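Okay, got some structures for you below.
Both of the next two complexes hold subunit A, though its partner changes from subunit B to subunit C.
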Partner chain A sequence: MYRENSAKRVSGKIGKIFPLAFMYLFLTLLLLICVLPFLLVLINSTHTSIDIVTRLNLTFGTALSENYEKMQSSVNIWQGFGNSLMISVPFTALTGYFSALTAYGFSKYRFKGNKVLFWVVLFSMMLPSQLSIIGFYQLNLKLSLLNSFLPFILPGMANATAVFFLKGMIEQSIPDSLIEAGRIEGSSEIHIFNRLILPCIMPGVATMCIFNFVSSWNNYLGPLVIMTDNAKFPMPVMIAMIKGLYQTNYGALYLAIAISVVPIIIVYIFLSRYIISGLTLGAEK
Partner chain B sequence: MNKNCYGEGRVLCLPFTVCFISWESAPMIQNRCAATRGTKAALPKIFARVSARSALLFQKGMGISMKKKAFHKQFYGYLFISPFFIIFLIFGLYPIVSTALLSMQKWDGMLPPDFNGIDNYARLITDTTFFRSVGNTIRIWLFNFIPQMAIALLLAALFTFNRVRGMILFRAAFYMPNLITAASVGLMFNLLFNGGKSAVNHLLLMTGIIDTPIYFFESPFFTSSLVSYIQWWMWFGYTTIIVMTGMASIDTQVYEAAMVDGASKRKTFFAITLPLIRPTLIYMTITSIIGGMQIFDVPATLTNGTGEPQKSILTTAMYIYIQAFRSHNLGYASAVSMGLFLMIALLSMVSFRLLRRKEEG
Partner chain C sequence: MGMNMKKWLSAMLIGTMLIALIGCGNSTVNEGTAGGDDQQPVEQEEETGSVEESQQPEGSEAEGLSGELNIWSSGEELGRFVSGFNQVYPDIKVNITVIPNADFLAKLTPVMSSGQGAPDIFTGESDYVKYLVESPFWEDLRGEPYNIEQYTDGIWPYVVSVGTDSAGAIKALSWQASPGSVLYRRDLAQQVFGTSDPEAVGALLASNDKMLEAAATLKENGIAMFASWQDILNMQFSNRQTAWVEEDKLIIDESMLDFMDMAKTIYESGYDLNVDPWSPEWSAAVESDNTFCYVLPSWGYQFVVKPAANVTMGQWGLAQGPVPYVKGGTWFGIYKDSPQKEAAWKFMEYVALNAEAQQSYAVEYGEYVSLKEADQALAAAEGEEVLGGQNLFEFYNDQMGKIESDLMTPYDGQINNAFLAAVKVYANGTMDKDAALAQFKNDVATQYPDLIIE
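Let's look at the complex of A and B:
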């Protein structure tokens, strides 16, 4: 990281106080912009609808349980929550395991077409996904997978980005001798992968898993097209639907949004270090 | 990008950056990996056993075992990559091919599709709503991308060249909106702005900025700007982090040389930093185009889902959805998809050329 030398810093100290204050003011303003909407949602979710429309609430209210009952009376938000988990957890697990397996196959086995097939993987990263949504719908109609979680779980096995990332990692950090050692020990090939390779690249797999869990959790258009049964809706589709259901029942609406947003924020608070370093890996050389 | 889960385009792009950054930091990973798992310590032991057994193998005859090994290597290589390709063919490639085929058919989603040649495309090039949606999409993207880049460059420079207290906290907070479900964000901003008695109106009235409440969602200009703002809000933190990694990879000696030459801070930034992070900027621009042209979640949940008021936030992806699943013109919607695909390819190419040409000049 580049810093000025100390002599320059001392000489320019007085002239710097104003820009410095300005800088922190600017950063704090941006911080407020990022946090305030969530804070308003949290606060409003504890107020009655009348409170919400008559004034701006800046402190927490007492109508949380009332809002909760109203919210649960017309739709069971936890069902959406559960559905999202039922999709995102297996999706993430499949992504982690099969991306590592594919990357291992590409990097440690010499077979005909290795390079060409890897180009296919790279090419598959370039295709814009939302544009084939109609073909995706037709496919699931043909396979009678409408209203099923499978169309959102199985694609985890073909995650080109994760394969690309993990292939680089395996090539750099797994010596061939480790695999040879395993072979001579008499382990089967799949056993070598499960017991030797996978634990070694776990940090990279975990990074991939975090991002893929989030992208799966936030997926809106896919389920919107495939799901028609309310009981199968994952969180984003349910949230988008409830606006019509609750009408002017703002307290319940705000609470529903809060429930959809808070778990992600809590997870982020605990994992933000890993998430950001996942993004900036290599920047702290 | 993860092709198959149809999420917000750029969320899925983000691990891509992780990959090419991590390329360089692999030794670091290796160390961490060895440290956590103790493989380094365990290696000599394994090697000792290995050498004893490999001596045995030599006696058994190299020729046969080598042939067997080669076959093994081929077989297991194919075996390990086959799940990826089976699923990719079904959930990745097939939908694209079938969308392309459906774009030349008439299909309502129930009766068998009917081949109708280029009818859909003939309709597409005279469809004013389509061109309007393309215009909306590009406008929303531009008004989000330009401020996003400007702020990201500014913040990245601040964080890289200054000692900012609480940098980790600021950076983490700026990135947070990116992880939140876009559908929830759309509804959240709808609630905060909708109607005369919304939270934002209360805030503006209380601080005396306005006298009478504003009905934000009656103004096409405001609604479109709000979508751009939300996109900016969701993405500037991510862009900042990526630009920062680009800046951090610049050799500090270059800066020292500039300082010795007496270059000012501003000049150093424009003459050294910017040109050196051009690859990062190109990457950001292209992924942003690919994601931004497919924008759906926020504009679809911000108002009533049809791009009101006055179709000002009807994006092309929304138009595809409405044509396909509200009006049941799945064939025509496929043609619109192909049109959008062409546009994304074109815009990416143009911006790539533009950004590269600057480098040559």
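Let's look at the complex of A and C:
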């Protein structure tokens, strides 16, 4: 009787351990798949160009300072880094706040033309940005905004994808009673949004911020066409400049990429907390 | 009533948006392919003219030899001349912006149409240099103060001919020329053919059929003849009788059709490494023991073989293939509305017409240069260590002497790519020859709707 029981317990343990081990194995594999490319970029940034093209490098090399000098000799990467931050951070902040505000208006206020205007927003989502690049150039030329960061920051206020995403989220998770409660307390409309609504939909806003930060950080064609001042170029344009025409300094290139990836990773680390904790969050509990 | 109003409103809105969209689309297409539009040059002149006026006070034209030059270049080579230039003209500051070749026209086009922030000098790669030469962006160098015609005898005729537009205006020059060669491995040639001499190897490669024979022999010895068959196209383009486009009509030269079969044979028989040019495997083949040659022009030696050859140091040779050829190269010219044309011309003069400057540049970087005098002086010097003592200038001078004019057209970049894609699908068996050619014609028609294609 006792024996049988313990045997059962052991087999139960094995039954638990086995799937657990499998799970860990699977997750480790997934981790490797995700991390390996980044690791290879880091490793390659410490090797010479010839080493990079001729073999697979799995350990760190010794050419880091050489690559750094080569990279800095063609462009000043830290300037590009600063430029990119000057563009991407305000862009992301504007996107997050104004998209939430617009989405809130569309989902909670009944006014004439609500549906039609929302259609207009959706429609603008379907235009690829490459299509309008020359028009965008002409517009900024007439506004004297060439060689300025503003053409890449201000459009953040009107981000159709984020509005669409957040509208759905507000409709699902914000009950009208929450707004009514705010009004009964005598709060102004904008105050209700800032103090009540925005914190509730923060997970959604954070998600959109991640996507938009990454796309703004990686924007290449826009700055390339709009800007002519070397000192204003953001990271992706600088990285493209490092690539010589025929001769490719792979080492310097990898180093520049490694540097440019860092902010994206930081943004993911900080904002992903919001997403995970927020997925199950609702206002009315 | 209310419902109806709403419907009307939304229909009208969608209508306006559609019209706006069509309008946008049209203007984008027009500016993008600016090829032979009649209206555009006029419009540009008006706009750039007014901008120039407003910029004039800033330019230090009066002093002539001081100022700040902005140069857009698709490669880093022009930057190598700056320190030498500044020794002669210390007051002219040169800023070089390297713009990736693939996006060069995308960046240049809007700036040319507005004139604001335009560079004083900009380059043009061989793929699109003819388009720029035929466009009204570059200054005609025949007039004052350039008087280019008194110098042209000293430049290889091919270089001048590419920089000359159909009306005879000379608009662009170059510091380089890119004559072709077959870069082969001496040790492998010795092992398989019993000779490593460039003349003898050249004789073994004297026609396309002979190249395939040699490839078969190498294959028996476990050696791939080519790094990539796509490299051979560099040479085949010079093997044509006609250019891609003549009198607005697409012409597929007989030799191009023959080359399709040659590529298929190479692919099917495994005479190459089956990799794309500029891939890591392709670059690594410099140091391999089973790849015989690259069919690349002078820049191939400078950028591919020379920097990578360590173990194979001294084991390389230059031979002529079936035909002498030229491929690639970068030209540059002065923006026609630049406020500092004189300073720009001084820089251009230094880079493209100063034999001494070119000579020291060529020695340092192993690049073949555009002035006959510089190349001839270098031919008398010692040979290259990588090439087992062979003098590349001597070899290339001989090749340049055999090339007079060019078969370049403004359409070359796109058409070459479309043709390469067609040869690829035919060689690897995805399509038969007719289907591949139909695809090619279709691609060209999409890119250049104005061309007559039969």
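Keep this in mind: the second predicted complex is superposed on the first by the 189 of 285 C-alpha atoms of A that agree within 3 Å, B and C clash if a C-alpha of one lies under 4 Å from a C-alpha of the other, contacts with A are read in each partner's own complex, and residues count from 1 in each chain.
Here, a contact is a pair of C-beta atoms (placed from the backbone, for glycine too) under 8 Å apart; a residue touches a chain by one contact, two chains touch by 3 or more.
Keep in mind it's a predicted model, so treat the numbers as computed, not measured.
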| item | value |
| --- | --- |
| First (subunit B), second (subunit C), both or neither touched by A:146 | second |
| Which superposed partner A:184 touches (first subunit B, second subunit C, both, neither) | first |
| Contacts of A:172 with subunit B and subunit C, given as first, second, both or neither | first |
| Subunit A residues touched - subunit C or subunit B, whichever exceeds | B |
| Which of subunit B and subunit C A:123 touches, first, second, both or neither | second |
| Touching partner for A:137 - first (subunit B), second (subunit C), both, neither | both |
| Touching partner for A:62 - first (subunit B), second (subunit C), both, neither | neither |
| First (subunit B), second (subunit C), both or neither touched by A:161 | first |
| Where subunit A meets both subunit C and subunit B, residue numbers | 52-54, 120, 127, 131-135, 137-138, 141, 221, 224-225, 240, 243 |
| Touching residues (chain side subunit C, partner subunit A) in the complex | 6, 9-10, 13-14, 17, 21, 24-25, 27-28, 31-32, 70, 74-77, 95, 97-101, 103, 106-107, 109-111, 114, 116-117, 119, 125, 280, 283-284, 287, 299, 302-304, 307-308, 330 |
| Of subunit A, residues touching subunit C in the complex | 50, 52-54, 74, 113, 115-116, 119-120, 123, 127, 131-135, 137-138, 141, 146-147, 221, 224-225, 228-230, 240-241, 243-247 |
